[in-house]
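Notes follow the structure.
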Amino acid sequence: MKVSGSYVVPVPQERAYALLQDPAILTKCMPGCEGLDLIGENEYAMRMKMVLASVSGLFAGKVKISEANPPASFRLIVEGNGKIGFMKGEGLLTLSPSGDGTNVQYEGDVHVGGTIANVGQRLLDTTARMLIKRFFEKLASEAGQSERRLAAD
Amino acid sequence: MKRKISLTINGKPYTDEVEPRLLLIHYLREVAGLTGPHIGCETSICGACTVMLDGRTVKSCTMFAVQADGHKIVTIEGLAADGQLDAMQEAFWNEHGLQCGFCTPGMILSARQLLADHPNPSDQEIRHGLEGNLCRCTGYQHIVNAVRAAAGKAGA
Amino acid sequence: MIPQSFEYTAPQTLKEALALIEGGERKILAGGMSLIPLMKLRLAQPAEVVDLGRVPGLNYISETDGVVRIGAMSTHHAVETSPVLRAHCPLLAETAAMIGDPQVRNMGTMGGSIAHADPAADYPASLVALEARIRLVSAHSERTVEASEFFQDAFTTSLEPGEIVLEVEVPVEPSNEGSRYEKFAHPASGFAVVGVAARIRKSGDRIAMARIGVTGMGTHAFRDRAAEQVLESGGTIADAAAIVGAGEQPNSDLFASADYRLHLARIHAARALTAALSRAS
Amino acid sequence: MATTISKPETLVGKSIRRQEDPRLITGTATYLDDIKMPGMHHACIVRSPHGAARIRSVNTAAALALPGVAAVFTGADIKDLGAVPTASSLPGLRVPHHHLLAQDRVYYAGHPVAVVVATDRYIAADAADLVEVDYEPTPAVADPEKALAPGAPAVHPQWPDNIAFTFHQEGGDTAQAFRDAEVVVKQRITSQRLIPTAIETRGVVAEWRQGDKAVTMYSSTQIPHLLRTICAAILGMPENHLRVITPEVGGGFGSKLNVYAEEALMCFIAKRIGKPVKWVESRRENFQCTIHGRGHVDYYELAAKRDGTMLGLKLKLIQDLGAYHQLLTPAIPTLSVLMMPGLYKFKSITADIIGTFTNCVPTDAYRGAGRPEATHGIERMVDILAAELKMDPVEIRRKNFVGKDEFPYATTTGLTYDSGNYGAPLDKALAAVDYAARREEQVEARKAGRLMGIGISAYGEICAMGPSAAMPAGGWESATVKIEPSGKVTVMTGASPHGQGEETTFAQIAADELGVDINDVMVVHGDTSVVQYGIGTFGSRGTAVGGAALFYALQELKAKIRKFGVMLLGSENVALVGGSCVDQETGKSVSFAEMVTAAHHAKTLPPNTQPGLVATHFWEPPNFTFPFGAHIVVTEVDRDTGAIQIRRYVAVDDCGKVINPLLVSGQVHGGVAQGLGQALWEEAVYDDDAQLVSGELTDYALPRAHFMPFIESSHTETPSPVNPLGVKGVGEAGTIGCSPAVVNSVVDALAPLGVRHIDMPLTPQKIWKLIQAGGHA
């Protein structure tokens, strides 16, 4: 499944890029993420609890950042495995200035398998878009907060 | 933790201790020994498990036995309890409204419900009334004929 | 397919029920039409389930002072066949008749359906078009939200943990109003690929009021105020239908891509509005 | 004791309501999952969620620790047992070793990896969740054309080209036909993967009888005897120590014409745990693990004269086999090749099959099995040619039909069509639909901007499978008729009906032949310890082969009964009339009961005659039968949504002599529903990772009552000379005739937009996009 879109984050490009590499920020922004542990260069083990209405599932997986080209672009790879299925998402995020903020454009591919793929195809696209939206909304709010903290310092 | 449930099935009282997760269809088939209702899917689509709950059709695979506590259930076995076929059963037989027979118990109960709600249905109403029951054998045409025949008999 | 074990409680009063669900850890079972299949597939694995089926006083449909009140545990069948709704809010009865299949309508409840908030459910289109209000209660609070505020995202509503839907309030449709729900049903699931609810009131030859609710198209049902505006300011049904869903990002699946779904929404908006107009006097 | 004997009315040819129905309409029939045994355990199977993966490890400790769990079996436990075999023996066929459970790799999503056995099905399900399998996913391929592309992932690493076999067949001089052609039309035509979806899923109960060192297996199967032979071989046990019983079977459509790993596994497990064990497939397993049907990508080229005379046909057929060969997997596309001439006088045909492995569940026989694909292809090509030549589709068909005086007719694919009158059902269908009026209506509709179409298919099929020479494991059928001392008649058929109604049609035949009441006849089937060996019910063979075997057994038995009549009447000049034996000179008679008693009491016996009244006949058919028919479909397409409305559905089928018209129409209706399912709604969809994304009935759309049109069904009757009943078979006719008629109709509706072909299923989205693109999507 192809996904693409863009969101504006209210911080300058360098700052946005840094936030997107920050495991603490990623943990907060990735829906359901319960923690990232560094296991290699730009690579983290991930624990995730996805809850969507009645559906819930625990996933264990990895988050990896590659092709880093600060502050312009990088590739984000997220993988998770759980009893209800597994997923792998890979996307190129491209940052560019947009007014006072940064436009983050993403383009990628999401692969889903197991029960959630077998019985959930009607909702996969909707859900993927919703989760991406939540990620960026959270990122925007975190970015805003971090800006205020920086300004206060 | 098991819970005690008491219900009436085909006019007879039943009391059993069941796990809350026990599906009504499994209770009927494996505890009460009524294997007329069948299991054809797990997503509440096929309707093979259809039974009557307090006079209305429900899919017994999409209900826990504990939810039926205190209620009245009728299964296909309850229709000809005295050995006399129900008019809808008779109509399915006469009109060849079944082939493999697996969907038939649920189909007959849905057909009876539809006549209870619409005593003189059009063919389209009959077909919509059977929306919740899949049959892979008959192409439904003889089933529609059977319902029409049963309606005619009821109206006569 | 077998659900995982869970603890089960069937409270006998609303107070007891609300106390049990405080904190939002326990899963609420109403008609079970969405929850139980998910549990059987083990996509949902609640540890504790609270069954509202034995709570009295949640199953009613009545009209007072121009408002129809529908108890959360009213089944779709009850909504479909309610003389009160048929007389005072035919749109909702018509919508209920198009949900799932007869057996699902006999068990499924309005409260359960809207709390689940499937993006392709039928009721939400009509409820937003009807400007319905949804009464929510918890052990400590009671509040009422507009339907258009209630549906927030896919499977996401404004329900807080510990809250349940108590009742849906629908303003009576005046007798000169025309309304219609048009649905393009998925052939397998029966869900709305798109569903459009339309209401129209006329003043002479012009449309004095139009309401359009759309489901199945986006992450949640929405009222299309821009399209309503077109009609209320003298535009044609074709003009209005042509902009339905503008600015929304339509869902896409095997059955209907985003562009096709948007197109279907507009076609069904035109059909629903045309039918509603013909019913308005 | 002379009584007046009048010949009773015959039952054959009459619409008799079914003998099997009382138990089915009262919920008292016993299907597989209704079987309960003391101490019975339940199995739940752990399956691969990946389309392709290496198995690093399987950890069963947590599952085994769950109270109530008796055992967990993995690939290591069964690696020395036999493999699931294919009966197909195409030259050069690559056969992957199909273990009962995965060894170090999985090859499709749903591949069984472990079996958990517990005292209760709920506990078994819980324990299955606790089995930890560590997979290393590897690249997978689900699309057969992608699988054939260079560099595609290898389904089986030892065969990197993913080709299981190639098969070439040539009849006549195709090259010459294409040189002689004045017009050549070409088209790629697909026949999508379908999920058979019997409403009863598969299931097995196996019981080990320690004292007898024997297993009784109950299975929801179409082929109890073949299942016994093959399962015994897999398990390495004597065949006569395995008894297979088929309880009531809730539909098959070919999906239960197979031997599955689970059947052998449950026998193995029952012996290992010393307890009966039951496994019942969930619907999701049924979608992922029971065979699929179809899965063709076909490239057709048709050579013709400008006057519409068809000369030659070329076909490249890419068959999506899936990851393994099930019982008949590689054989199915060869049936397509046989059927390619359809009803037409082709001088030459060349076909090349490329059997292709994919990371999907195997394809195999699903209602029609190879013939719907071929009929769809040829009937589409005839329409494409008609459009090219601007000929009426009726005219071009008539021009090329094998003439009714040309039978038996030898086809270029090596078949001999038994009998036919192809114009008759077409004429009848045209009259029923009032073809000329519909064409006029279409002209008006088009003027008004409406998209109305009329589609025709004139189909033939290969039925009564079949002569043993053409079948992998015997194509005959058996019947035993016993007359019990009380005069009751027991018929035992080697066929194994599962909804077709043979308990009724066979009773009709037996009652007529013996002159007894139909209610005195009981038809027994599906128990290998009771019924003589048989082949089974599939390929529209139940009545045409099994019924014929019964007919011959009845003749043998009647000859013996007559001997007792001769003895009791003291005259050679006797005849059996009704149930009695009548002295033709004196009019004296002895009753059926008297002859039966004489045979059983055996106080005196006719010369060279044994006591008792039993006859068994194993009948080898000399040929297939070739039913045919014409379906005409009138459709209208909603320009706004792409939705298709079927306004008329006319089906005229010729299945030879009809034993029971009510049951024949039921077969046609059901067949049409499955054909319509393929034409409009059904498709098994695997994504690029070989995940089955149409994995449940919530996404895979079966026809429902309100989707179906009223089918105007009627018949012509051209008896088959192949069997004494004159029957041809009807189980698959509706399916085969349907899909091309529907697609031809919709293409006709969209022809003003320049549409020439659409692949199935004709979903509204697909149609809408074509309309949007002005026919050129």
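The letters A, B, C and D name the chains in turn, as written, and every chain counts its residues from 1.
Note that a residue touches a chain if its C-beta (ideal position, glycine included) is under 8 Å from a C-beta of that chain, and two chains touch if they have at least 3 such contacts.
Here the structure is a predicted model, which is why all the values come from computation and not from measurement.
Interface comparison, B-D versus C-D: the pair with the greater number of contacting C-beta pairs is B-D.
Taking each chain's centre as the average of its CA atoms, chain B and chain D sit 29 Å apart.
Note on chain placement: the centre of chain C and the centre of chain D lie 44 Å apart, centres being C-alpha means.
Centroids built from CA atoms put chain C at 31 Å from chain A. As a whole-number value, the distance joining the C-alpha centres of chain A and chain B reads 48 Å. Counting partner chains per residue, chain A has residues 83, 115, 119, 121-122 touching two or more of them.
Looking at chain D, residues 121-122, 129, 282-284, 693-694, 696-699, 702, 704 sit in touch with two or more other chains. Among the residues of chain B, those touching two or more other chains are numbered 19, 21, 42-43, 45, 131, 133. You'll find the chains touch as A-C, A-D, B-C, B-D, C-D. In the complex of the two chains, the chain D residues touching chain B come out as 17-18, 20-31, 33-34, 36, 121-122, 197-201, 248-251, 253, 280, 282-284, 498-501, 662-663, 665-666, 668-674, 696-698, 702-706, 708, 710-711, 734.
Put simply, chain C touches chain A in their complex at residues 27, 34-35, 38-39, 41-46, 116-117, 119-120, 153-156, 186, 189, 191, 218-219, 249, 251-255.
Every residue of chain C that touches chain B in the complex is listed here, in rising order: 1-8, 10, 29, 32-33, 36-37, 39-41, 49, 51, 53, 77, 100-104, 106-107, 188-190. Residue ranges on chain D touching chain C, taken from their complex, read 121-122, 125-126, 129, 282-284, 640-641, 681, 685, 693-694, 697-702, 704, 707, 763-765, 768-769. Put simply, chain A touches chain D in their complex at residues 83, 85-86, 111-115, 117-119, 121-122.
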